[in-house]
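This is the structure I want to talk about, given as structure tokens.
Letters are used for the chains, namely A, B and C, taken in the order the chains are written, and counting of residues starts over at 1 for each.
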Amino acid sequence: MMKGNVRKKEYTLAELTQGLTVEIHGDPHCVITGVGTIQEAQPGCITFLVNPLYKKHLPSTQATAVILSPDDAKELTERQSLNRVISTNPYYVYARIAAFFNPKPLAIPGIHPTAVIGRDCEIDPTVSVGPHCVIGNRVKLSEGVVIGAGCMIGEDSTIDADTVLEAKVVLYHQIKIGKRVVIASGTIIGSDGFGNARHQGKWHRVPQLGRVVIEDNVEIGANCAIDRGAIEDTVIEKGVRLDNLIQIGHNARIGENTAIAGCVGIAGSAVIGKNCLIGGGTGINGHITIADGVVVTGMTAVTKSIREPGIYSSGVGGLVTNLEWRKNSARFHRLDQLMQRVKELEAALEELMVERKAT
Amino acid sequence: MMKGNVRKKEYTLAELTQGLTVEIHGDPHCVITGVGTIQEAQPGCITFLVNPLYKKHLPSTQATAVILSPDDAKELTERQSLNRVISTNPYYVYARIAAFFNPKPLAIPGIHPTAVIGRDCEIDPTVSVGPHCVIGNRVKLSEGVVIGAGCMIGEDSTIDADTVLEAKVVLYHQIKIGKRVVIASGTIIGSDGFGNARHQGKWHRVPQLGRVVIEDNVEIGANCAIDRGAIEDTVIEKGVRLDNLIQIGHNARIGENTAIAGCVGIAGSAVIGKNCLIGGGTGINGHITIADGVVVTGMTAVTKSIREPGIYSSGVGGLVTNLEWRKNSARFHRLDQLMQRVKELEAALEELMVERKAT
Amino acid sequence: MMKGNVRKKEYTLAELTQGLTVEIHGDPHCVITGVGTIQEAQPGCITFLVNPLYKKHLPSTQATAVILSPDDAKELTERQSLNRVISTNPYYVYARIAAFFNPKPLAIPGIHPTAVIGRDCEIDPTVSVGPHCVIGNRVKLSEGVVIGAGCMIGEDSTIDADTVLEAKVVLYHQIKIGKRVVIASGTIIGSDGFGNARHQGKWHRVPQLGRVVIEDNVEIGANCAIDRGAIEDTVIEKGVRLDNLIQIGHNARIGENTAIAGCVGIAGSAVIGKNCLIGGGTGINGHITIADGVVVTGMTAVTKSIREPGIYSSGVGGLVTNLEWRKNSARFHRLDQLMQRVKELEAALEELMVERKAT
């Protein structure tokens, strides 16, 4: 475990698990000073077991405590030095406990003197605005909002309570962000959608008059780009999770609690349902609809609407050597010829069969 | 329609269409206060009809005016309350009219006191330089240029008249930008191309001595990265449209009026023709040439030059369930075996045929 | 050759090649004022020949000197005006010589007065910190470090000697950067990894307590996003080269001297070996291992571990017209039926064969 990860603090297991639905086997007063992986944890650390691949490390872990499921707990021989936190959702319990040891700096309320603040803003006194931020006119920042260093917030935007913009986030004008949203560095919210009208052989930009609306509890990674709507809004619904380098086109709508991995591109006016999981590198066509509960595997081209929950993929799976790939690909491009040969075989055989009957 | 989209302004239909080649059926003095989609437009709004899918909403639209083609206009029963703007290019007319209602803040000429300006710059008095910008030595900004908050412009770069850099754009040194260019936030122009020479088992950076030249009327989306040339320049020709998160390698050249959708990667020294359309998520190899007027569908791997206009794709299309995909993929990887079996069938049949002749 | 590329300096061939293992044929005192491509070089320029495609331009080049291999040198007829620099690695020699003509601005040591510096930082007096930078508490910057305009460096981060962050790089807290690293604009290092625990139907962020460690001599392009580790660190080993718009998930490890082209996405906990080459647009699954010396072609989905060096690809290669692609794809989705028809043929033929034997 990284030394740097430990805030010079220590907690008893009882303190760390207060309010969580867990059972403690062992000493609830043992002192925990950090977290570690099951293989690398040192005495003083708490660890967790979720992935069955790591179960083999459990007997030898040096951790002082482990979070695990009732089933895994059963298999574990009692050992005085290893305290157990038993939960039906060990990963969630880990997430809650790890928060105690998060070295993320805490923001200090107040507006840094180098920040440039527009006219007629409403900024709650509990808000933190970092150095070199630029806040446009009539921006509203509610209680507990944190604006990291170097953020730019366009005029008439509003950010609701306890939302955090990390360093160098850009919000254009009229963006509406809900409560407890987290946006990582480099992400751009509300640039113009890709609307172009052709006239006399040249492109003309179609003004993008909609907004971006990001609902409560959304979390967005680094260097994403979410375009404003053309007329209506681009909407990211409650609880959505976006990884890094994701592009979301104008008028798109991402449904509640959907999680999207890195490098996904979503074209304009796509509507994605609730509780979907979209694998990394996937591309989603414009003007299509994806039902609730759909899983799309990585690097899929979603070229049409998906009406039913389920797992979807495109193309041909399978990583092979480049040599084999070249052969496979060549064969693929001769599929028509193969089909033709099969047809000829069928015809010839038919002829033989007819002849046989005749004799 | 979003309330926020309306600048507290109203225009008559006559004012909005001045200078456009349109025919007005109805009242040219009716007052328009905003725009809306055909389904959602309220009285006071102007809407448009381009996509035939939306024609069904025409009879029931609440809009005060609609922009549509002569053919669609013919089908529409006269209705006193719905004024018609008839054009052979309704989307372009919409783009022009929507500009009246664009809530995008206007830049104020002048250099913000927090901007840091280098030596020997030529900055026209009409230029707007936003807060916290950093402008290098000998930069030239022509009349009407707008540099958004937090932009960095490297030394010896020049930006021609009426170009807009939105917040947090980075231009490296010696970048040359034409007239009426728009670059969205987070885009990086002129970082070193990916040139590495291997020597004694290690990589050595090859200095990138070229520039990036962006010609007039180009528009570039958010968080793109356009590398400077190795020796000669990377060139984006007149009127090109780039969406978000696009990578353009060193020495590439993108031809006039070509439009490229989001998440496309273009490798070094690729030359793309004029009036091409490149679908989202596509990858284009280095050192290849694409003819004028080529369309590439989304997520295509352009692995070789394209000599003729037309529509091009790669791989296998079709979104299926993951189960079917696994089956398909397994079959694909047995294509060789299938081919073999067909060959054996052909040989056996041939034998039978020969035998039949002999009898 | 761009005029702007020439620093008003000139060097003799002898000066440019000092310390390099080369042989000069011709006049070592000839004066070189810039570089050029073999086709475009003007008198006064030095050029190089590596790609055999360009050999045809050698007889007509206007360059004053050319860097080339012993074999290529043999083929070249002696010409008084063309001086030759002969090396077994002409591209590397070019890289070294081109550095003399690099117009990249040099940083001036010192902290710009607009930079905001935290408490208890250790900043060597030779360090350059550009305008509008924000440096967190307890940051350590060693000798010769250059921090470009508008960079943000989170608290407790350390940057070792002679590393350059170009404009607008973001380092989060506790990031550790080695010596002679170069990071291009817009890149974000150390944002939280994509760790989410589901509880009662909602996502909860799993705190990301690890760091990002970037070893010596790494170079990273523009607008990349490298996540901090969940518990242990995300590590980019010595000499790695990353192009633009690359995403690297938490806990990933990229091995020494591996080079990764643009738009690649690497999921969490992937371990990539040394001296690998990863083509642009490729996606690499989480929790997999790639051996040393592996080459992955562009736009490949690396869905499983690769144990042996070699060249790997996925899917179906081949760019075709969209019409052909639609046909191919349709055939692909009927492969099962084709297989069935071949089986029926085999059965029928078997029957005939059996019958024939019987007669």
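The rule is short, and it goes like this: a residue touches a chain if its C-beta (ideal position, glycine included) is under 8 Å from a C-beta of that chain, and two chains touch if they have at least 3 such contacts.
Not measured: the values here are computed from a predicted model.
Student: Sort the chain contact graph into one of these: line, ring, star, complete or other.
Tutor: Topology of the interface graph: complete, with all chain pairs in contact.
Student: Do chain A and chain C, two copies of one chain sequence, contact each other through the same residue numbers, with over half in common, or through different ones?
Tutor: Different, since under half the interface numbering is common to both chains.
Student: Could you please state the distance in Å, as a whole number, between where the Cα atoms of chain A are centred and where those of chain C are centred?
Tutor: Centre separation, chain A to chain C: 25 Å.
Student: Could you list the positions in chain B whose residues touch two or more of the other chains?
Tutor: 114, 132, 150, 168, 186, 223, 245, 263, 315-318, 320, 328, 332, 335, 338, 342, 345, 349, 352
Student: Going by the contact rule at the top, pick out the chain C residues touching chain B in the complex.
Tutor: 1-2, 4-5, 35-37, 40, 89, 91-92, 94-96, 98-99, 101-105, 112, 114, 130-132, 148-150, 166-168, 182, 184-186, 217, 219, 221-223, 239, 241, 243-245, 257, 259, 261-263, 275, 280-281, 298-299, 315-323, 325-326, 328-329, 332-333, 335-336, 338-339, 342, 345-346, 349, 352-353, 356
Student: Taking the complex as given, what residues does chain A use to touch chain B?
Tutor: Chain A reaches chain B through residues 114, 116, 132, 134, 136-137, 150, 152, 154-156, 168, 170, 172-174, 186, 188, 191-192, 194-199, 201-211, 223-225, 227, 231-233, 245, 247, 249, 263, 265, 267, 283, 285, 295, 297, 300-304, 306, 310-318, 320, 327-328, 331-332, 335, 338, 341-342, 345, 348-349, 352, 355.
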